[in-house]
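Consider the two complexes below, in which chain A is the common component and chain B and chain C are the respective partners.
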Partner chain A sequence: MLELRLVQGSLLKKVLESIRELVNDANFDCSSTGFSLQAMDSSHVALVALLLRSEGFEHYRCDRNMSMGINLNNMSKMLRCAGNDDIVTIKADDGSDTVTFMFESPTQDKISDFEMKLMDIDSEHLGIPEAEYHAIVRMPSAEFARICKDLSSIGDTVVISVTKEGVKFSTKGDIGTANIVCRQNTSVDKPEEATVVEMNEPVSLTFALRYMNSFTKATPLSNTVTISLSNELPVVVEYKIAEMGYVRFYLAPKIEEDEEETKPQA
Partner chain B sequence: MPMKKYYRQRKKAANNRSSKSKKKSKISRVPCQAEYDPEEEILRKFDMDMAYGPCVGVTRLERWERAQKMGLNPPQEIERILKSDKDIKVQQQCLWNKKIGDNYKIIEYYMAA
Partner chain C sequence: MTAREALALFFVFFLPLHCFTHSSFSFSSLSLSPNQMGIKGLTKLLADNAPKSMKENKFESYFGRKIAIDASMSIYQFLIVVGRSGTEMLTNEAGEVTSHLQGMFSRTIRLLEAGIKPLYVFDGQPPELKKQELAKRYSRRAEATEGLTVAIEADNKEDIEKFSKRTVKVTKQHNDDCKKLLRLMGVPVVEAPSEAEAQCAALCKAGKVYAVASEDMDSLTFGAPKFLRHLMDPSSKKIPVMEFEIEKILEGLNMTMEQFIDLCILSGCDYCESIRGIGGLTALKLIRQHGSIENILENLNKERYQIPDDWPYQEARRLFKEPTVVTEEEELNIKWSAPDEEGLITFLVNENGFNSDRVTKAIEKIKAAKNKSSQGRLESFFKPAANPSVPIKRKGSKCLLRSFKPSIEHAMFSLQFSYRSRPMVLGKLTLPKYNPGSNLSVPLSGETPVNNTKETNKKAKGSGGRKKK
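And then the complex of A and B:
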C-alpha cells in the first residue's frame, strides 16, 4: 500500500507542469527512499529525473517498491484541480490498477478525490553516475529562462561556453547572431540572485534550444538553476526542490557541423 | 577508435509487478507504448531483418532502395511509411543509430540498467 501526504501540494503541481511537455507517459517509482521518476522524451535526446525524498512528505508509507505507469498530462489535469494551498495525498493499493489523488483545502472544508487508471509502461532506466563536471554554473532560474527564450527568437541552437570570464550563451539564425555573457557575481543582496561560475576546464557545447525551453518550465520550482557541463557528457540542468529533492534534465549535445561521423570522444 | 562505454550497467531496481503478490488485479492495465508508435515498430523489424543487409550507416530509405535494386523485394509498406510525412515520429535512421537528425541521443552516454 502506498500513501503519501504532502502539505505543500503546490510543489507537486509545479513538478508536473515542469515535465509533462517533455514526457507523455512515465513510471513513477516508489520506494522507502522516496518518490521518483526517470524518463526520456520521445526523441531520446533528453532525459528527466525527479526525486522527492520520503523525508519531505508529512506522511510517507510505501510498503513495497512499486512502479506506477501514468500519463503525465492526465495527472497534470487532475492536479490542476487542486488549490495552491491544498494538502495533496496520493494513495494506491498493492496490485491495484488505479491511483487516487486527494486534495484537502487548508481549512479542511473542501475535500476532493480523483481516481486515475494506471498504465503498463515499459521503460528502461539509465544508470547515471555522479560525475565531476568541467564547469558548473549556478544562476537565477528566471534569468536562465529569459536567456533561452530570447535566444530562441533568433536561432534554434545555443552554444554554451564557460571560460574564466564566465558563461556565454550564443546563437545564430537568419536575422543574425546573439551572444549573452554572464559573469560571476556574488555581491548581491540575496544569495539566490548570485551567479556563480566554477570552472575546472573550459567547456563549449551546442544544444537544441527547444529542449532548454522545455526544461525552463521548472523555473517555478526554484529561484536558482544549476547547469553542469562537461565536454563529453550531456548537460545537466537542475532545479532543486527545497527540503525534498530535485528535478534534473539531461540533454545530449548536438553534433558540431564539422565533426566526423564518430562517437563522442573521451 | 571504438565506442567507449563510459558507464557501467546498473542493477535493475526491484519491480513490484513481478514480485509475489497473492492476488492478481482483475482489471487489466491499459497497455501503452510510451516511446514509439506501431509504424516505428514495423520499421524496427525491417532494421533487424538481415535479409536486407546491415542497417547501420545508411538511412532506412537508402537501405530499402538498395534492397529493391538488388531484387530482394523489401515490403512496399516500409517505403510507404518512410515517405509519408504525416507522422513526425517516423525515424529515418535505423534503431541503432546514435543520432537523431543532428543531435546525439542521451542513451549513447548512459547505459541502460
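And then the complex of A and C:
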C-alpha cells in the first residue's frame, strides 16, 4: 500500500519534465525514507538520481520498500492533466499493476483520478559511492542552461575546467571556438545569483553537450545548480528541490585517447 | 541489370534516409540459419528453463563495448539479403558479387557509429568432425541448385527466390575481400585457427572483448561468458539485442559447464548426430537425472532409443571444451585504428564500383565515430548494486516459476499487508476525497511510530550521497 500526498503537485510535473528526455522507462522506488528513482540513459553514459524525501509530502504512507515500473512519457501525459495548483496524490495497492494519480483542485470542487498501467522493467541499479570532489561550482541554473545551449550551437563537447580564477566552459567546432569564463561572484543582492567556486585541485574534464543540455531541463526546479567535478569521476549536476530532495545527473566524461584495457567482467 | 544500374537503384531506393544503414532489407529469410546451425532448439530450451539468462538490451546500450563478431555468419547473411532480387545480386563491373562488401561496410559503420568496437573473427580449418555436417550442407546446396534450375525453367519467382538463397556459399574470395575491407577501415580482424565461434569465446573469456555476437548458439557451448544475438540485424527491424549470460544459464539449469556441453551434444550439435527421439527437453531431463552422457548411456532404454553406431560424443565434447584457438597477444594484434581513406576509395570505388560520394561520406562517418568511442561508460565508475525494492506489480504465474525465492517473498509481503491493511480501509474511505488536508490526515500519518520517523529523517540526510566542504 502506497499513498503519497503532495500539496505542491506542480513539482512532480517539473521533476518528470526534467528526466523524461534522458530516460524512457524507469522504476520509482518507494521506501519509508522517500520516493526515489535511479535510471541510466540507454547508452549508459548518464544517470539520473531523484529523491523526494517523505517529510516533503503532506501525507506519506509506504508499508514496505517497493518499486513501480513506469513509462515516463505516459506518466507525464497524465500529470499534464493536473492543474498547476492542484494537490497530487499517488496511490498504489499492493500487488496491483496500476498506480493512481489523484488531482484535487485547491478549492476542492474538482477531483480527478487517473489510473496508469505499470510495467516490468529490468533495470540495473548502480551503487554510487560517496566521494570528495576536487571542485564544486554553484551558479544560477538559468546561467548554466544558457551556457550549455550557446556552446552546443558551436560544438558537440564541452571542456569544463576549474581554476582559482573561476570556471571555464569551452568548445570547439567546425566554425570556430568558444570560451566562457564564470568568475567567483558572491557580492550580489540575492544569494541565488551568486557564483561560488570551491576548489581543492584544478580539474579539467570533457563532456558531451547533448547530455548537459538535457540535464538543464531541470532548470525550473531550482534557481541554482551545483556542479561537482573530479578528475577520475563522472560529473554531478545537481538541482535541489526545496525542502524535499534533489535531482542529480551523473555524466561519464569523455576519455582522451582510449588505449584502456577492457575490464574483466564480473 | 548491369552493375551500375543495380548500384544506382540500390542507392536511390534503399539508402536515401539512412545512407549506409540497410534500412529496407529484411533478414526474415535468415530465420532458417539458426535452426540449421549450432545447437538445436537451445534458445527455446533456455527461455523455458533459464529465463533469467536472457535479457533484451537496446542496440545503443553496447556503446563503448568491444565485441567479437563471427564474420562468416555475417557474410553469409549479407550474401543472402543485401541487394538481392531473384538470382540477381549486387555486383561490380566485372560481374563479381559485392553484396558482402556492401553489407560488411554499412553494418560495420552502424556499429562504429553506435560507439561499439567490433572485432571480426574468421573461420579457419573446420575440425574433422564437422566435415559430416559440412557435407550435409553441401548436398543441401546441391539440391537447391537443382531446384533453382527447375524453378528458372518454370519461371516460378517464389521458388527462384527461395532456392537461390539456399545456394549461397561463403567462398574464400568473399572472406578475403571482407578482411581487406575491414583492415582498410581500421577494424581488427582475427583469423581463427579453427572454428570462429570458439575463437570468439576464447577472446571473451580472456576479457579481450565484452561479448560475442553471432546467430550461432554454439558460442555458448564454447563457453562465451556473454553472447549476443541480433546485434547485426538491420536497424529497421527494431529487434533488441538478446544477451545471454553463461553463468546465469548454468545457474538457471542448475548444471556445471560439462553438463551443459553434454546437454548441447544431446540436443544436436554440428559435430555429431543426436540420438533419434531425444530432443532438448528430453536431454535436459536425462542430464538432470544422470549427470553425464556416459551415465545416460548406461541407463538408457536401448530398445526405445537407437544410439548411432559411430557416435563420437567424447570427441565432440573435447572440441567444445578445448577447441583450437589463439591466445597469444602478439598473434591477435587487436587494435582499432584510423581508416585508410585512399585505400578504401581504391578498393570500393575503383575496384568494386561503389558510388564515390557515398564512400567519402561513409569515411567521414567512420572518422566521426572514432571520436565518439572515447565517451566513457558509467559502469566503469560505478558498480552494480542490489536494489532493495520489490516490484509492486506482481508478476504473472510464469514469472513465479522463474525462481523460487521471489514467490516466497511475495507471499510474505502479501500476508503482512493483509494483516496491516485492514484499519487503513477506513482511512482510505474517509481521508482523501472528502476531508482533504483536514485534521484527519494527521492521525493517519502519525500512525508510523514517531521515533521511527525521526530515524528516517536522519537517514535521508545521511544519504546525501556526497560531501561538501
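Keep in mind that, in the parts below, the second predicted complex is superposed on the first by the 256 of 266 C-alpha atoms of A that agree within 3 Å, B and C clash if a C-alpha of one lies under 4 Å from a C-alpha of the other, contacts with A are read in each partner's own complex, and residues count from 1 in each chain.
The definition used in the following text is that contacts are C-beta pairs under 8 Å (C-beta built on N, C-alpha and C of every residue); 3 or more make two chains touch, one makes a residue touch a chain.
All values reported here derive from a predicted model rather than from experimental measurement.
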Checklist entry - Should the pairing of chain B and chain C on chain A count as a clash or a fit in the superposition? => result clash
Checklist entry - Looking at the overlay, does A:252 come into contact with chain B only (first), chain C only (second), both, or neither? => result both
Checklist entry - Which partner does A:109 reach: the first (chain B), the second (chain C), both, or neither? => result neither
Checklist entry - Does the superposition put A:208 against chain B (first), chain C (second), both, or neither? => result both
Next on the checklist: According to the stated criteria, A:189 is in contact with first (chain B), second (chain C), both, or neither; which is it?
Outcome noted: neither
Checklist entry - Of the two partner chains, chain B (first) and chain C (second), which one does A:1 touch, if any: first, second, both, or neither? => result second
Checklist entry - Quick one: chain B or chain C, who's touching more of chain A? => result C
Item to check | Which of chain B and chain C A:125 touches, first, second, both or neither | outcome: both
Next on the checklist: Which partner chains sit in contact with A:228 here, chain B, chain C, both or neither? Use first/second/both/neither.
Outcome noted: second
Next on the checklist: Quick check for you: in the superposed arrangement, does A:43 touch first (chain B), second (chain C), both or neither?
Outcome noted: both
Next on the checklist: On the A-aligned overlay, A:95 touches which partner chain: chain B = first, chain C = second, or both, or neither?
Outcome noted: both
Checklist outcome for this item: chain A residues contacting chain B in one complex and chain C in the other 29, 31, 40, 42-47, 64-67, 69, 94-97, 118-120, 122-129, 208, 232-234, 250, 252-255, 262-265
Checklist entry - Which chain C residues qualify as touching chain A in the complex? => result 55, 58, 60-61, 63, 66, 115, 207-210, 225-226, 373-395, 399, 410, 413-414, 416-417, 420-421, 424, 428, 431-433, 436-437, 441, 444-445, 447-448, 452-453, 456-457, 459-460, 463, 465-469
Checklist outcome for this item: Residue set of chain B touching chain A in the complex reads 1, 3-4, 6-10, 12-17, 19, 21, 23-25, 27-36, 89, 98-100, 102-113
Next on the checklist: Residue numbers of chain A touching chain B in their complex, please.
Outcome noted: 24-26, 29, 31, 39-40, 42-47, 64-67, 69, 71, 94-97, 117-129, 208, 232-234, 250-255, 262-266
Next on the checklist: Under the stated contact criterion, what part of chain A meets chain C in this complex?
Outcome noted: 1-3, 5, 7, 27, 29-34, 38, 40, 42-47, 49, 51, 53-55, 58-61, 63-69, 87, 89, 92, 94-97, 99, 102, 104, 108, 111, 118-120, 122-133, 136, 198, 200, 208, 228, 232-234, 236, 245, 248, 250, 252-258, 262-265
